[in-house]
């Protein structure tokens, strides 16, 4: 691979990993709220979470620009208090990717939460476990496969994120030129077909690797949960 | 002051559950037909359902008091709960399941220790296995062990054998009897099965239609015919406490009680032990004179206490075969015609005949624990 | 009874719809560069007012995207490109009716600063653009493929400041994207068409790039091969008229170099 391709690949991985990593706790929290709690405005929260799925990515990108740009309501505050700038940086690209992937993550986690037998949680409480301990020791391990699925989905979506990214943080080589943006650039340049094909192959390889890894982890997780497959050694 | 003081009510879906009872150490059976409200009562004890009003005290600690606004969360109530379905954690081994509740109390506070429970319930060979690989009976035993190891102030069991077949039940019942013998932890045991109650419980609380109908020692409650509609026991019977005598060579064992010695056949009981046994009214015949040259071994003289006319052709007759100082009331079921022909009425002197083969294993339960009546 | 009526409506509707093109509007699809949006909107309104039977529809995007779409068979009648390069691209692939092609208008390139921001530079060889940016970003269409970006890089290169400025460039998908960034103040400056600068209030025009610092910004227009209709030809002719030239001028376009 050429140095440019390596740099693009590294950047895409960095952006996707941060996007998934930072949004994971929020994803679990929101999934839990939607699956287990009733409260006024729940429908609204559900709608907002799913917006990135149905609204054009460019629109989401523009919204992020308005809110999180240097002059935006939140962006301004971020800069004044923490010195953080999101626009034109890989951090902004991570935010764009994370936002677009968030609904996929929440859906997967929520589904697995709803499949957990709440009676197990009640039993744990009668054994003296406080709600946090029940969540960490009982609920979380049982929804681990769902969390994994959510993470893989979100990772894949983040790798492929284009519209919101280019509208919010634009295309800056080294900072925000992820694989999709680089691919778009070369596609638009006359004679860029070869470079485009190479980038497409890299994207496919990355996606396949993510899927394989998640399959292997999922199988081990399920074995641990049901105990059906005996573990070798220990 | 009793160990358990319960008085609470809850309304939901148009149904009101209102229960009041007290209980001391030992096994307290919460008995009644399905839908009588037993599970709700236990859930209120456990803190899983919140009463609308009432007061619940266990071991001197107020778990719930609607006037004072006290409502302890389940994890703070120091109890163990064995559910109808095992509810074992599928991602833990049996050993980890067992120790889950122990972690909350810390090693020093353990009064019931791992070795004792594992032996008591026969869990040693299962420790490294996963719940998914266990049978129904094994899972329930683990569930019981897990609840015990949480070092509870009381143990709650909600029909723990209802989802098991007869073989599994027969497998677990001895374990529960052992538990009752060897542990001090008071137990509240929900059931609608008379045999379980007979073999395990000391006190019995009968619930029907959402209310407590009666509570008291098992022997008394099971002998009362006015509770029949709630207990679902439609044949009358008496429960008496007896001491086991020696077993004769021909397979008969003498059980000594207030009324004399009852010969029973085919039972293997430990001599010297106290047992509780049920004598079904339909196995008792009456005679005005002492019969001779008759196969029945047990003939007790006694006096008619009451004659209860039922709807059909039978009459239930209550007879005391003990005496003023050592009463031993039992029930006999005869036809109304016979009752009239024999002129049975309170005060009539009669002989009660009980066949030795009539008493079988299901009718025998443990005697009261020492210290209780 | 209402069901019968419903059935009648359902059956007759497709028949009526099928007959519509004969009696109702004739549609003309124009693919035009994003920078021509406001001018073309006005021109289309004017034409439709006089020719009520014609339905004009425009798709605005970067010329690069439009050229690709047309060569892939997109159903356009007219291609109005912001660069001769992309028009040539389409012509090479036989997507353009060569005879109909002509240069319509021209445009200038300007350097703009965010509203309320002062930029004290004069455009000239070696002018201190990088320093004036002072750590902020210069928004422009992606120089790899967006015409405005290509012209912008040419200009900066010929003025000798491209190497110093390139690290600060924020490449956008099209020139309107660059405008949005400057308008919101996220980028401190931008390179856009003179016609775009008039669209936003408060935008500071720092200077105009000399016409010889970059390729001629000429906007060729042509009919898409094999799609000519009476209506589309009429509209094409209208765009060449003096009336249209006035509208273009009002929006900041200059006349075509040969005109």
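Letters A, B and C name the chains as they come in the text, with residue numbers starting at 1 for each one.
Criterion: a residue touches a chain if its C-beta (ideal position, glycine included) is under 8 Å from a C-beta of that chain, and two chains touch if they have at least 3 such contacts.
In this text the structure is predicted, and so the values were computed from the model without any measurement.
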Overall pattern in which the protein chains touch one another (line/ring/star/complete/other): line
Central chain (distance from its CA mean to the mean of all protein CA atoms): A
Centroid-based (C-alpha) most distant chain relative to chain C: B
Centre distance in Å when chain A and chain C are each reduced to the mean of their C-alpha atoms: 36
Gap in Å, rounded to a whole number, between the CA centres of chain B and chain A: 57
Chain B and chain C, separation of their C-alpha mean positions in angstrom: 89
Sites on chain C at which at least two other chains make contact: none
Contact set on chain C toward chain A in their complex: 62, 64-65, 68, 89, 137, 139, 142, 144-146, 169-173, 177, 180-181, 184-186
Touching residues (chain side chain B, partner chain A) in the complex: 46, 48, 73-81, 83, 85, 87, 89-91, 93, 100-101, 103-105, 129-133, 146-147, 150, 156
In the complex with chain B, residue positions of chain A that touch it: 117, 119-120, 122-131, 137-138, 141-142, 224-228
Chain A - residues contacting chain C, complex: 62, 65-66, 69-71, 87-88, 166-167, 170-172, 184-186, 188-190
